[in-house]
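Structures for review follow.
Shared between the two complexes below is chain A, which pairs with chain B and chain C, respectively.
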Partner chain A sequence: MPKLTIDGKEIEVPAGTTVIQAAEKLGINIPWYCYHPALPVAGNCRICMVEIEKQPKLQIACYTPVANGMVVKTNSPKTLEARKSVLEFLLVNHPVDCPVCDQAGECKLQDYYMEHGQYNSRLVDVKIKKHKKAFSIGPTVMLDQERCILCTRCVRFSDKITKTNEFGVFNRGDHSELDLVPGKQLDNKYSGNVVDICPVGALTDKDFRFKCRVWYLGQTKSVCPGCSMGCNIEIHWDKSRPRTQKVERAMRLKPRLNPEVNQYWICDEGRYNYHFIDDHRVLYAQRKDELMALDKAIDLIAQTIQPLKDSGKSDRIGVIASAQLTNEDLFIIRKFFKDTLKVSQIDYRVPQPTGDSDDFLIKADKNPNTAGAQTIIQPNGTDSQSIIQKAKQGELDVLYVFGHDLVKLFGKETVEQISTKVKLFVWQGSNINETGSYAHVVLPAAVYAEKDGTFTNCQQRVQRIWPAFLPLGEAKADWEIVALLSEKLGNPFSYRGADAIFKDIAQSVGAFSEMTYEKIVDQGMVLKK
Partner chain B sequence: MQKILTRHFNQSDSHRLDFYLRDKGYEGARKALTQMTPAQVIDEIKKSNLRGLGGAGFATGTKWSFIPQSNPKPKYLVINADEGEPGTFKDKYILEQDPHALLEGIIVTCFAIGSHKAYVYIRGEYLKSIERVHGAIEEAKQKGFLGKGIMGTSFDLEIIVHQGAGAYICGEETALLESLEGKKGFPRLKPPFPAVVGLFGCPTVINNVETVSCVPPIILNGAEWYAKLGCERNGGNRIFCVSGHVKKPGIYELPLGTMLREIIYEHAGGIRDGHQLKAVVPGGISASILTANEIDVKMDFDSLKAVGSMAGSGGIIVMDETTCMVWAAMIAARFFAHESCGQCSPCREGSGWVYRNVKRIYHGEGRKHDVANLPGIVGNIGGNTICAFGDAVTMSVGSYVQKFRSEFEYHVSQGKCDLLLNLQESAR
Partner chain C sequence: MENPTKQRRNNLEKYFEVKGPFALLRVAQMKRAWKQSNRRELTWWEKTYIPTVVSGIALTSKHFFRNLGLHILHLFGLYKDIPAAVTYQYPEQPRPLAKRLRTRHRLMKREDGSPRCVACMMCETVCPARCIEITAAEHPDPNIEKYPAEFILDLGKCVYCGFCVEVCPEDAIRMDTGKLDIAAYSRESMIYDKTRLMDG
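And now, the complex of A and B:
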């Protein structure tokens, strides 16, 4: 393996590594615009030029492969001068409309200017006027040609990743413009990613534009709950606004690098699927139309279950859990219903229509935790359809449903019937749906963005989610609500948090053995066979 | 003085095969194909000191030897006939008046590098050239000089003519390859060099029209003969294109190493009546301009490099004392701004900025700092770009500012052009 020196630090890297990658390993940041580790090298922005001993010209770090004995200087006067000059060139025809630009605050042009530029402007000439400013190029993205620095990252993304070829650079010289290929719209399932990879404010997200200045955003690592792929994301939320239900807290979702799962990308379906975090939430417990305190509602449920528990009539209870829940939620559901109450009529699967899928990130199973639910709940024999049938025929006293909209799945009539036939129909969920209005008791559950826990994706990878916010209203994580009920029925759990539950899962569920939150950190760990 | 490249020029039907055959036509190719091995051909060219006459002056035999013969992919020869360098018009004459010289050169070159397909990329505006090359290919095919089993040997060769679409940058060899592949003419990152990964990802030699046309005489007459025509490390003759304020503008085939003064004053007849030499661009607009005091220089690749300019494409642009150098710089800058492909930032943004800057100075709207800033701005382009275009901007425009700075300053301070000043300067 070639050994080289960068800024006086030695490093040995595999042959074929580029200088920019080797520098990154040393924690030395070489600036870039056009370079992207997942895209072919274009080498056109020139800001990553570095001085390499014995080479007369500066070399672009993104393209130059390392060589044994190479001596690279990323901070020499010559290198810094070149960076400065590239920045100056990039601003020659740039509108510098930062005050009205959505990218401000996360703009590489701004960042590098603060770091390397800060020269007195030598520009007095009229700038080249480009054709399109604030121009819609599809359902999700806006284009501003003036701000574009023609790095071609979006062009390469649409050529190589989605292979949809929407973008091109047209005209020549300083009249070059990024634009759509004639007759095309940016309308693919991954279109939002071009906004992420645009280093400047040329491509902005319609969903996010003018909603929030990025320096007001807090970031919380999470996993997309939109399908079983479990793409790693960051939830960006508004730090400046009070955490009430009156305003949106979640501002946008951004992909988070996980080379094993989603690399740098997420699909649009996942990206824009966050409004439910703040909208149409179940905030308080409810009995029919009457709001009530959560502990009162728990009392109410306990009163119905207690006699069944005492008389051992667990066959009068049916539970439909959900693969939308975390492993921790499901583990407490299993402990309470299966282990304590001895309920055997428990399932998490519901007859859902097959979802949209492709051979990249989008999976047909729209649940983030099917693998986890299967491993933890292990439904034996009974399935949700037979539980529903029994409830409909009055063979159950209690039906406890987590999140599912039974009206959509089984029809209004069935749910109406269940409502009259069973003694207690509990629906616990985070967002209002029609089923809730038929339930006898509604319990307010937290959404994934308010929870600590783990999901297991379709690769059997256990991945961590972190709470971005406190739950709204009286909502609680599903496991907490079940734990309250369990306590009320005389079986208190001693878990103080999701991490404690996960420790227990690791001890009692073989597939999770030896896993800890510390070990799965950002990138996850695969279930044992 | 022996003429090689231009020996057939200005004779009726010089472009026809029967004319060409009367003067040992295709004998060089026959000799190479029947009596020599490819390695011997390459060796002969190396010894001849033939250099790339498109502008870079790279040793031709060495370039050919870079083709990896172990590579199982097809090899290609691409002829760069996208003659676009302002001040240059030599290839046009070869293509129009002696196309068979080029074709014969192609046959020998392809034999040497093991190629069975050659492309001739001709500048889009050169309609007559395109027509003549097409005609010559047809004639050569009928005689069995092209196609399958050339001249009774087992060597096959096909030549394809491609018409360019009017971009200067497509004369840059890798942009030319991109264009030939049907893409936008953007120069490629190097390495890999075309000899390894060239046209359609295959090993490719790209040679200029004039260079390849020199090959058959070298094969016929020997490398030593050719090398002796020129000067040290610069073999043979080249065609100098003289334009501007001379009495006899035109093309002159002269040995490499001929003095610039001799070309201007003897061959081109000197400066037009009653005027004096002020400046001269020695190798196409990309080359640094030389002042009247700098013309005692040998016109070969090494000598011109030593004085900070370049031999380039052999386009000599002569300017007398009536020429405003700010204006001349503006014309050069305008050309570069117009022709920059726009791929990499320093050249894309810089070339236009430089043009606007010089234009402002020329029109008397310059500011105090403009002249002082210009060398720095221009200097930030060269050496920092993907291809040599950026170097050309720096070299060319930079040299006007460097050598005629007082004119730029006069434009700024007086807000106008003063040719009286020019007269005084050239008298100094």
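And now, the complex of A and C:
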């Protein structure tokens, strides 16, 4: 293994490592634009040039493999001078329209210019203008050719990751510009990622465009609930902006690095699937059309369940949990319904239409926690269809449904029948749907962005989600509502938070043993066989 | 909405920790007691009363006769270099304002009458009172790109620091209208929107 010195610090790295990677391991920052750890090296931005002893010219750190005894200087006067000059070249035709640019605040061009800039422009000629300023290049992305520094990250992304080849650099010299290949549109399923990898404001997201300045954003780590892949994401939310009008709290989703799951990417479907966090929410408990306090509603449910519990008629209760819930929610549901009430008719599976899928990140199963639900609930024999059938025939007194839109899944007539035949039809969910209007009692649940907990993805990987917001209205995490109900029926749980439940899960469910929130942190942990 | 008396009482309870129907009275008592216990002891000369009254009258009279005399002399064009006290008949006769005085804001216009503002949100970011709220939108002209669909400035919150003017990269907001008598009967009418700010 070659040993090299960077800025006086020695490090031993495997052969084939580049200088930039070795420096990163040492925590030394070398600026870069075109280099991306997941893309092939292009070496065209030239900002990562460093001085290497015994080499007459400066070398680009992203493409120079390490060698034994190499001595690299990343902050020598010669290197700094080179950075300054490279930045001057990059900015020659840049419009410097930071006030209207969405990237401002997270723009590498701004950041490095503050560090290494020339400050006084020496340009006497007029700037070369490109063909078009901001224009749409697909359903999700806008392109501004003038801001582009031709790092070709997006070109390489469309060549190597999505293999759709939408982008290209056309013309030569200072006329060269980034554009779509003639006749193509940027409409692949991962198009939003080019916005993330663009180091400047050339590619901007239509969905986020002008909605919020990036310095107003707070970040919370989370996991995408869009499908069973469980891509790691960051929820960016509006942080303390002065507001007189009500606006969305969640502003955008960004992928978060997890080499085992999604690497640097997420699909567009997941990226734009956040409006439900703020829109069409169930805010208060509801009986038919009348709003009521949550504890009153829980009283109401407890009154119906109490006699069934006392007479041991647990076969008159049906529960349809959901794979959209966290492991913690599901564990409390299991503990209350299955262990305390001895309900055997409990399931989380519903006949869902298969969604689209590919061999990269998009999975057909659109539930984030199917593996976790299977491990925790372990439905024995009965599936949701038979529960629905029984409810339809009046063999059930209580039907408790978590989040599912039964109208969409089983048809309007079935749900209408259930609502007349069943004594108490409880629907607990976060977003208003048609099933709620047929339910006798509607309970307000929190969405994933308001919950603390874990999801288990299709690779059996348990991943943590963190609460980004407080629940809206009287909404509560599903486990909290079930715990309240349990308390009303005389079985109080002593959990103070999701972490306490997870400790219990780790103790009582074999597959989760030895897991803690501290161990899961960012990358997750795989379930035991 | 709660009625104002009740709201005031709630506030009192919050700040002075007094409760009940006589809260207002109790607070007045507390204030008086504070003043009394913190009062300076009078000197012997002050305690004699009459001399201090006389010296007070003397001071007032001195100013009165000085100004009277100077104004009469000014009428005849004498001693113009010695200034005398001046009274402005506000609001009929407003005081002259210094050129650099920060007064109510206005939004500058382009030649076609649209706002010069590009909704970069610098002013909103820098504002210490958080009184500016901008909603940006896509401009049909790609060379302008961004414009404020809404620009709300709450003058009830503004502290007239002038940071917004200083930070604006487009010289789109100025505080030079010369208007400082801004008063309204409600908080809502102190909130100025784009059109009101552009009208000058």
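Note that in this section the second predicted complex is superposed on the first by the 522 of 529 C-alpha atoms of A that agree within 3 Å, B and C clash if a C-alpha of one lies under 4 Å from a C-alpha of the other, contacts with A are read in each partner's own complex, and residues count from 1 in each chain.
Quick note on the criterion: a contact is a pair of C-beta atoms (placed from the backbone, for glycine too) under 8 Å apart; a residue touches a chain by one contact, two chains touch by 3 or more.
Here the structure is a predicted model, which means the values were calculated and not measured.
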Chain B versus chain C as contact partner of A:132, first or second or both or neither: second
Which of chain B and chain C A:57 touches, first, second, both or neither: first
More chain A residues in contact - chain B or chain C: B
Contacts of A:93 with chain B and chain C, given as first, second, both or neither: first
Contacts of A:500 with chain B and chain C, given as first, second, both or neither: neither
First, second, both or neither for A:213, with chain B first and chain C second: second
Shared chain A surface residues [contacts with chain B and with chain C]: none
Residues of chain A that touch chain B when the two form their complex: 41, 43-47, 49, 57-58, 60, 63, 82, 85-86, 88-90, 92-93, 122-126, 128, 149-150, 169, 171-176
Chain A contact footprint on chain C (complex, rising order): 118-122, 124-125, 127, 130-133, 135-138, 142-146, 152, 154, 169-170, 191
Chain A to chain C touching residues, read off their complex: 97-100, 104, 132-135, 209-211, 213, 215-216, 241-245
Residues on chain B engaged by chain A in the complex (per definition of touch): 167, 184, 189, 337-346, 348-353, 356-357, 360, 367, 369, 373, 377, 380, 383-386
